[in-house]
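You will see subunit A twice below: alongside subunit B first, and alongside subunit C after that.
Take a look at the complex of A and B:
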């Protein structure tokens, strides 16, 4: 185990803040692995679900589509994921945990506050924001993934280096919604 | 309150509100607008006109208002040019008039009105041409002071703005009869509907009329319709939301006024609404009829007068009120005013056969030929039955017919079409999927508005595959307008067409005389139709007047189209609330916080913020810091965060072949564990990026790009992968952010690194120049190590997962204290690479070739690659300019980048131009100023003195042509 002390994307520890019914948290302990498979691969040999365009298979290991024959895996057990991918010898994996920052957004008041927030952030129609959907889009001029995990939970991923800018946008929009609700 | 307040209306008399106008404390009611409240306080003079400083009053009851532009708020919150007609009254509202010197009633600039004969249209264009130098310093400031609207506070806007995105099946623009009917139709059918209206309340003209719907007040039906719409989960009702423009792909721009209160949580939101279809139920704007002195306070649009009476329960003035009309609608105003107890002088109807609709005097075939009253209307001059007489009159309502509000339909270059029967321009063409309805479609009666709204929505939904149930619409009036063309009252004196820009009938005549025959020329020459109202009350009238003057029809005269925005939109809301440091996103390196703590100054490199240099106590000039950092690298060891360089993982069985085609030089032959310098060309054969390529495994490479081209290179490679060679088995993943990469450069680099790697042999034999490896550092941290050098010194770049970047930097600094370790920034990085003669962005500027860079042999003849063939074409292959080093003859004399190179004694012009300087710096290693540049046949001119000239600043410096490598030209240091 290295004696170098890791940093969270925005400082020594992951950020967390609540704005009315919404809570924003920098996710920690989540391993991101990009997966690419050659043309003509046999998906049936692996237990890892490989959703189609816009799809997001949510489970202990979650997978979302990022491009033709490409996916991003979210896992908290990299060894298990590696074992699951073993039947795919041509799979190209790249650990991306440090390439991205993931902010988890949860609502204590149902889906409405989440949808109010996302309306202020990304130009996506409702069907692309339904639970089980993942979309690569632009947010504050940043490339990002918007993942809808459930009615009351979503995550936004962007480049780790732009974590500060994304946090500014997310927290600012959430704060404005909370302040409006309060008036 | 005064006698101008009438009974009834949609105001809440139980909620009085205090406000001030020009410091005077006044009172209105909840439900009032600022305009109606001013009117209720019998304040008629509210503004001064743009050019002549004529007294002006409230003219309309909506967003078309040309006159009543006021400044709201104070200090940084001051909001100029706000139309009093669209501002809901609120407690404590502070309003003041603008564009006057001295009190509003005694404006010193009104002297302009006396000089009006000299200020005709085109006056400025003709008068202030000479002397030219006077324009900026004298003429323009003076004119701006005398003529204009409100003034900005010059302070940052303290309010909060937001932005957002909405999607819907049907966007209904306008919440009047047609809009409500359309929204109800679509909402009941289950479509996803957005209903937007610029007003605080839904209802549009229904709130301004006295006609019932289903025998009950129209406001009751509006309330029921709104309640139903708000209860539908598929309908979003957005009052105070102005749809201001139609853009490509069904995107509509809208501004929602969330709050008017200073310091509110949110003031406005900019919405981008993507709508599959839209109904343009934007209503109509009444026209006036120009006649002599028709701009006095107290002269209003007749429909507005009716709206003030019915909705806001206020009469336009104390005293008699007259109506001047060319259509039946003017009579509605007369009837409604009469019903409210207003003293009616009568209706002057330009139609000779006109008859009254009630018990009031009518002057059929009459004309208003003039008015009097210094700060407000006192009397009108009536020409009727062959005689003229002056009649005492406190207010005059003018109705010249109605113009459908078709502005949005023009936003995709849709050209309105003249409808001779309706005497109006109707929408034609324009944005796909935008369907006009109601008054906006020329359907003037309430009955027609309701049915056309329904039909428009049904039509839109049918196109989307949805069926609509039969409507249950209320019974409504179905009067026709009966307008007869009557565009202005001919005669002497000034008859205003455009109140906001002080354009008169005479000005239009003059424009025509000056050969401004095109309507577009007329607009620009007279300024008609400009500024905040965009000619809503004047454009069509001006066109008709011009047609009449020229003896042509209106279609022959032309038409005009409208651009966004429909009504003024603040820059603040267009910015969406992102200002200052957050105006655009920034990317921070993993060691940013550490560098900041070291006192680093930062510089933007694309979106990245990079440490520029690290000043130390006692250093008073950036050069001191940079020189120290450069010398520290050359003498000991330096550390620089180079995370920003693009990193692209290339994997797959065909990765080598793919890279052979991407790079100009051979890459597929690179051995595992080795790094090679690579050059990329564009399709046209010019060089566009360079960097290194490391082979980590049989089918695994890492491509490194320059910081600025990281995105471009990945995009180009993805295009090649997906579109040019989809048959190749290769995968690309950007890992720029995943790895924190630190350059460790200097003669002590190996000693320092050996203190952090976990049992890895760094000896020259095992890990020579251009080697790479995956290893661990600091007891198990995964890392990648590349032995590459940008500085010309023994150097490495070490990468660890980004989360450990700061810790690694800290560790290296601690471990290297005895080795003279020094952090260095981009300035020193640049000096080091110029001293070494390495090309960078300034040399790879898209206009240089491999040959020019001295890298011609890198373009492999053994294989094809992007740009290889084109690089050999005539014109590129024959380019004789070459990258050279330049050393100032006088070491203290800078060689500015961008300077052009000339032979000694030659003229300084393009014919004698020999090249240019790309990069320059002071070299602490050389002890003088040096540069890199491209010089004609530079490789054969070593030792020659050339002149670096900067004609823009008039500076010159002599410099000697030398090899580009100022440091260790043999390359011994980096291979040691």
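Take a look at the complex of A and C:
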């Protein structure tokens, strides 16, 4: 079998850059699986957490709500996830890893710079940006998932083909926030 | 304009696309003839006042919403998930 070497979304290696307290990193090795379940499914038969609207269950395998009866699973162990979903025979899953790019944004100075950045970029109420919330929204005319993982970490996911545009937007906004804080 | 999504709370109208009159939910029976379909496809009321209309949350959770809006003031009087209206349940 051909020995293929995976490439990062913006070149040979994942991009990473720091702007004052904010660090932007392209996430590596993340497997994304979409999950759709029929109306009236029984959630009690699986160990996979299935959060409600806007919810984000964070763990070794994380799951966020993407629409009614639809979720996206972030995993680093696809086999374990497949086993966990086995009790749901009607589950419809698709591995979508190669369709998305995920940029992780971390702050070294608490939640404030992160919130400064995200309130510049997306038009969402504050409670949708609290830790443990995940939202699909528009960011510079791009459809994106905005995931808040903790007080000081969030991730923005978009179509992999638009990785350059998203990087331009995120790095530009982060650089302006860093410049503002420096003055 | 903010649209109060039944599941996700108030969301920017930019995230939505507009389809039109909610009468589109009431598709005629296929056997009811071309006159009924002509009305269904082409004829719409254009009220100055309360209007029931379909909006699609394209840059959100991709659900269809049935929005009752006052076309004079843009006040939104009611928002429900179209699939609940259609099925009459809380699926």
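What we mean here is this: the second predicted complex is superposed on the first by the 181 of 183 C-alpha atoms of A that agree within 3 Å, B and C clash if a C-alpha of one lies under 4 Å from a C-alpha of the other, contacts with A are read in each partner's own complex, and residues count from 1 in each chain.
Here is the rule we go by: a residue touches a chain if its C-beta (ideal position, glycine included) is under 8 Å from a C-beta of that chain, and two chains touch if they have at least 3 such contacts.
Quick caveat, the model's predicted, so the values are computed rather than measured.
Asks: Would you sort A:125 into first (subunit B), second (subunit C), both or neither based on which partner it touches?
Replies: both
Asks: In the overlaid three-chain picture, which partner chain does A:173 touch, first (subunit B) or second (subunit C), both, or neither?
Replies: In the superposition, A:173 touches subunit B alone.
Asks: Look at A:39 in the shared chain and tell me whether it touches subunit B only, subunit C only, both, or neither; answer first, second, both or neither.
Replies: So A:39 meets both subunit B and subunit C here.
Asks: Between subunit B (first) and subunit C (second), which, if any, makes contact with A:78: first, second, both or neither?
Replies: Neither subunit B nor subunit C is touched by A:78.
Asks: Tell me the contact category for A:135 with respect to subunit B and subunit C: first, second, both or neither.
Replies: second
Asks: By residue count, which of the two partners contacts subunit A more extensively, subunit B or subunit C?
Replies: B
Asks: Looking at the overlay, does A:53 come into contact with subunit B only (first), subunit C only (second), both, or neither?
Replies: second
Asks: In the superposed view, which residues of subunit A touch subunit B and also subunit C?
Replies: Subunit A residues touching both partners: 39, 68, 70, 123-125.
Asks: Please name which positions on subunit C make contact with subunit A in the complex.
Replies: Within the complex, subunit C contacts subunit A at residues 7-12, 14-15, 58-63, 81, 83, 91.
Asks: In the complex of these two chains, what residues of subunit A are touching subunit C?
Replies: 39-40, 53-54, 65-68, 70, 123-125, 127-128, 135-138, 143
Asks: Give the list of subunit A residues in touch with subunit B in this complex.
Replies: 1-8, 11, 34, 36, 38-39, 68, 70, 92, 94-100, 119-126, 140-142, 159-166, 168-169, 172-173, 176, 179-180, 182-183
Asks: Show me the residue ranges of subunit B that touch subunit A in the complex, using the header's touch definition.
Replies: Where subunit B meets subunit A, its residues are 160, 162-167, 192, 258-259, 264-266, 269, 272, 274, 577-578, 582, 584-590, 593, 607-608, 643, 649, 651-653, 722, 729, 731, 733-740, 776-781, 800-808, 811.
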